[in-house]
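Both complexes shown next keep subunit A, but they swap its partner, so subunit B is in the first and subunit C is in the second.
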Partner chain A sequence: MNFLRFLRPPTIADLRSILKIGPTAWGIAICLLVAAAGAPFVATYPLTILIYLLVFAALAYSMNFITGLTGYVSFGHVVFMGLGAYGWGTVVGTLHWSPLGSVVIGGAVGLLLALGLGIVTLRFRGVYFAIASLVTALAAVNIVLATPALGGGQGIILNLGFEPLSWFYAVWVILAIEVGMTYWVTHGRIGYGLRAIKGDEDAAKTLGIDVTRLKLFVFSLSGLFAGAVGAVNAWTVSGVFPEAAFALLFSLLMLAMVIVGGSGTLLGPLVGAVVVYIPHTYFLTVASGAEFIVIGGLVTFIALVIPEGIVGSLRRYVPILQGILE
Partner chain B sequence: MPDATAIVDQLVFGVVYGLLLGCVFALVAHGLNLIWGIAKVVNIAHGEFIMLGAYGAFFLNLGLGFNPLLSAAIDGVIGLGVGLAFYFGILHRELRGKEAMTPRSEMVTLVATFGLSLLIANAAKVAWKGDVVGIPWSAGSVSLGSLQIPTGGVYVAILSVVIIFLTHVFFTRTHLGLAIRAYGQDIPAAQLQGINPTFVSAVGTSLGFAVTMAGGAFLTVLFPTGINPYMGALYAPISYIIVVLGGPGKMWGSLVGGLTLGVILHVGQVFLEPSIAYAVAFLTLIPVLVFRPEGILR
Partner chain C sequence: MTMALVAEGIHKDFGGVRALRGVSLSLTEGEIVGLIGPNGSGKSTLLNVISGVEKPTAGTVTLDGRRIDGKPSHRIVGWGVAKTHQIPKPFPGMTSGENVTVAALFGSLRRTDLRQASEEATRVLRLVGLEAKAGTLASNLTVQDRKRLELARVIATGARILLLDEVFAGLSAGELREAIELFARIQKELRVGALVVEHVMRAVLTLSHRVVVIEEGRKIAEGTPQEVVRDPAVIEAYLGTEAARAAA
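Presenting the complex of A and B:
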């Protein structure tokens, strides 16, 4: 439990250093605060759009922990989201806990699952990890669909009220914690370790970095937040439905957002979420399926031409932005 | 207590049908295996090219009345062209001038083909609607004891093994095949022998696509009503598992992996619910990766 010493309580110096977090973090913090202050005054329809934008952003940050920071591409991230939703649905449905408090259960399920899966699959490198993550996700979907206690193919149907503001603040809190954690992880000792792993894992190991533990740490964080977001997402539709909770397209969207925005950066997942969310919402009503043509084309283009993503490329090609964006 | 002979019958059926299916799965995965072994690229859009092969068979049947076996040959020829386009459109940018596959290039090709898979699957959905379609073609069935085996399934299984055998002959007995394998093993050393790296990797990739698309047409014989734009999402993971089971780059690996997976799937369905059988078949990948990362074959 060596890495837990990073989790010591903050000192005065720490609190003072919070003020010096840099323009990107300030910008995100101000945007989030404005959104939180303005949400009660927004009409229902724009608020729903905003809620799903935040859900997308929260998923992007969750994916960023593993794919962005370590370079491990996970195709099966929806499994954390889906089982987080099932954990939430079970607790709300059978124990009648409050939907808001039960979001924590969703996160806990995601965390435990990520720990369990990560111990096995994180030892595979590169494409082998990608394939193992995809296959475990598909297996989990098939097992859940055949489990009668979880409602089988029908899922868990709950009868909860329509409370967009609660959904909004739930996902807002998750997103704020994620941004904070991303900042904290990338600006500390762990960040150096993770960048070393992303650059060359064997060299990092030689330098004495405990690669297994670091990878497991960020993977669990990733699972925790994906599970919590899955719970909120299930709350917004008042139930857990297998096709929706385990839509493999969600994993692909998460990955697309991180790649488009710029993997491993602080601002990238937010930019990616906005860029992916606009065509996703626009085409959903116009021509279903067309949104993924746009997103897929964009991902292919970015991977081949500007692999650092939007934020990474702006940093590279616009010298003024180098000190500002991160 | 269920009847013992009924269970034996079901088991025999599971094994026989699993072997038939395994041969065709092996062919479908063989295309992935060739590209993985030669260019060291894992094509995430593999399933979408299987889907295109199946739709090719569907439209050839609809428009010209061709049977799937004939369509598979035409698909194969189309696949050669598609493979060339794929190589020069996507891989060439990344592989050109590289002496070995770096983890960075691996990620770039992984992500680029991932974007491509989203694009193709959904373009197919927009163009051909999401409906499940099928090919009304049946060659009757042969009876084996108390079992009824579809003759079409036997044909495609045999043809799949023949095609895998032919690629084996090509890669071990011909000059070009050996050159392609030399490229797959060590690019600088192959170049020293006068092998043009772009030419051989392009040929290898387009052969892989030809095999993949022909395999897609064969699948329509075993699953006559399963053609839809998202079928790639099922056959792509199956192909990855088969290739990893057999070992990437090993010619007979696809066949060994395919037969293993086919039998596990169908014998599993005798005792378990279908979705659990799929989960078990998928999870066989994990112990193989942990204990024999180089595949079952030595």
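Presenting the complex of A and C:
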């Protein structure tokens, strides 16, 4: 029961070690706290923008667990969002659970799905894993469309109130947990194991790393958070609609955010979310469709010129930032 | 207690190719056994079977009487048997120090404390003479240093039996002498056992207490280095029938 150690009351040393999380983690924590404190005073329109920015960031961190930390490209990641949303919609619609509490169901669906899928698909490497995950997402839409209990092509329409603050705090909590988990995973023994897997999976095995279990662990985390975010996202539109819930666009945006920000880093997904979200939202109102050209161009540029993403490249080329950015 | 590794009647088929056809060998902690044979004779396959990278088609591998054949390699490492890679496989984005730290964290020592593991890594890097490169990215190391890193990593797992797949290949004459001395010193200090697969005869003959020769997946000779080099079957395998007749 070693892993339950953290349940004991914190000591002074623990509190001191919390202070030593480093400037990047501090920076993110302060930003999150400021956002949480300021949210009630923000007007509705900017608040919705902020909510979707956090949804994007939470999706980016979810993708970062698997793609950023292990290098496995989860092309069909939207499947966790989509089925998480359906799980949430079902308990809210038929069992009349509270929309907020049911977000946990969305997360649970994502977690179980990732566990089940991961056991099979994480055996594939490189492009084969990406294809397997893409096929899963495509299959999931068709299974949902053919399931009358899930509303078929119409989806699940709920009549929930307009509660931007609840949406905000729900996604805020998910994001905060994700950042904390990312920090915990990257700063410990597991972080070394994951970097080894990303570097050379065969060598990792022959040095004693149970690569299957470690990959499955981060994939499950990834599914858990994507499922929960899918639930909140569905809550903001008061329903779950098959074409939107499984839109491959989300997979692509998640990948874009991780690549642009800096895969495997602590700050990267947040930076990527901001950088991808701005053109995504701006062009949606000005020239719908142009956002894809801009984001696509950005991803191509980054992948070609600075493959380590914004955060990774800043670390590499700006020596002062090396000890600060992670 | 001294650890003993025993492989018995190992067969390994790859489709129609019979890479190993009943090879047996044993090795105890503290002992260096050389494994030699012409190209394609099955040396690396045998190491892969012992280390759990491949499952044998038939035969058993036991460690202190416990069956380890067919077990996943990460568990075999946990029991104290670790293998280097013929072509070094460093984790490119990590420094040498971090590469070795991984081994200390996940090997049979299972250090859970990061500081302890990195201290262990520093100690092992010093042992193999790589301490000056501890902060260098593994992708920037020279071939010679990559081989040292491979060695450092298996040592840092805490393995009592090392399986070394051509760690002396591709080195210049000077580097080779240095590497042989280094390994002899390390082995003396740690008292580990080692199964050394090698093409470089000088390395095998200098280091090994015992040499096993395989050809086409079968063991053709076993004995001290002096006995083995005089064995007609070995001379035939390496140089052909004519040479064997001339030697006899």
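Rule of thumb we're sticking to: the second predicted complex is superposed on the first by the 311 of 326 C-alpha atoms of A that agree within 3 Å, B and C clash if a C-alpha of one lies under 4 Å from a C-alpha of the other, contacts with A are read in each partner's own complex, and residues count from 1 in each chain.
What we mean here is this: contacts are C-beta pairs under 8 Å (C-beta built on N, C-alpha and C of every residue); 3 or more make two chains touch, one makes a residue touch a chain.
As the structure is a prediction and not an experimental result, all values here were calculated from the model.
Student: Evaluate whether subunit B and subunit C can sit on subunit A together after superposition, giving fit or clash.
Tutor: After superposition on subunit A, which the two structures share, subunit B sits beside subunit C with no clash.
Student: Of the two partner chains, subunit B (first) and subunit C (second), which one does A:Ile209 touch, if any: first, second, both, or neither?
Tutor: second
Student: Pick one for A:Leu252: touches subunit B only (first), subunit C only (second), both, or neither.
Tutor: The answer is first: A:Leu252 touches subunit B but not subunit C.
Student: Of the partners subunit B and subunit C, which touch A:Glu243 in the superposed model: first, second, both, neither?
Tutor: So A:Glu243 meets neither subunit B nor subunit C here.
Student: Once chain A of both complexes is superposed, is A:Arg189 in touch with subunit B (first), subunit C (second), both, or neither?
Tutor: In the superposition, A:Arg189 touches subunit C alone.
Student: According to the stated criteria, A:Ala303 is in contact with first (subunit B), second (subunit C), both, or neither; which is it?
Tutor: first
Student: Quick check on the superposed model: minimum Cα to Cα separation from subunit B to subunit C, whole Å please.
Tutor: Minimum over all C-alpha pairs: 10 Å.
Student: Considering the complex alone, what residue numbers of subunit A touch subunit C?
Tutor: 188-189, 192-193, 195-196, 198-200, 202-211
Student: Which positions of subunit A touch subunit B when the two form their complex?
Tutor: It is residues 71, 73, 75, 120-121, 123-128, 130-132, 134-136, 138-140, 142-143, 145-146, 248, 252, 255-256, 259, 287-293, 295-304, 307 of subunit A that touch subunit B.
Student: For a test of understanding, state which residues of subunit C touch subunit A in their complex under the given definition.
Tutor: 51, 53, 72-74, 77-78, 82-83, 85, 89-94, 98, 101-103, 105-108, 110, 112, 114, 117, 153-154, 157
Student: For the complex, which residues does subunit B have touching subunit A?
Tutor: For subunit B paired with subunit A, touching residues are 42, 44, 90, 93-94, 103, 106-123, 125-126, 130, 229, 233, 237, 240-241, 244, 273, 275-276, 278-280, 282-283, 285-286, 289-290, 293.
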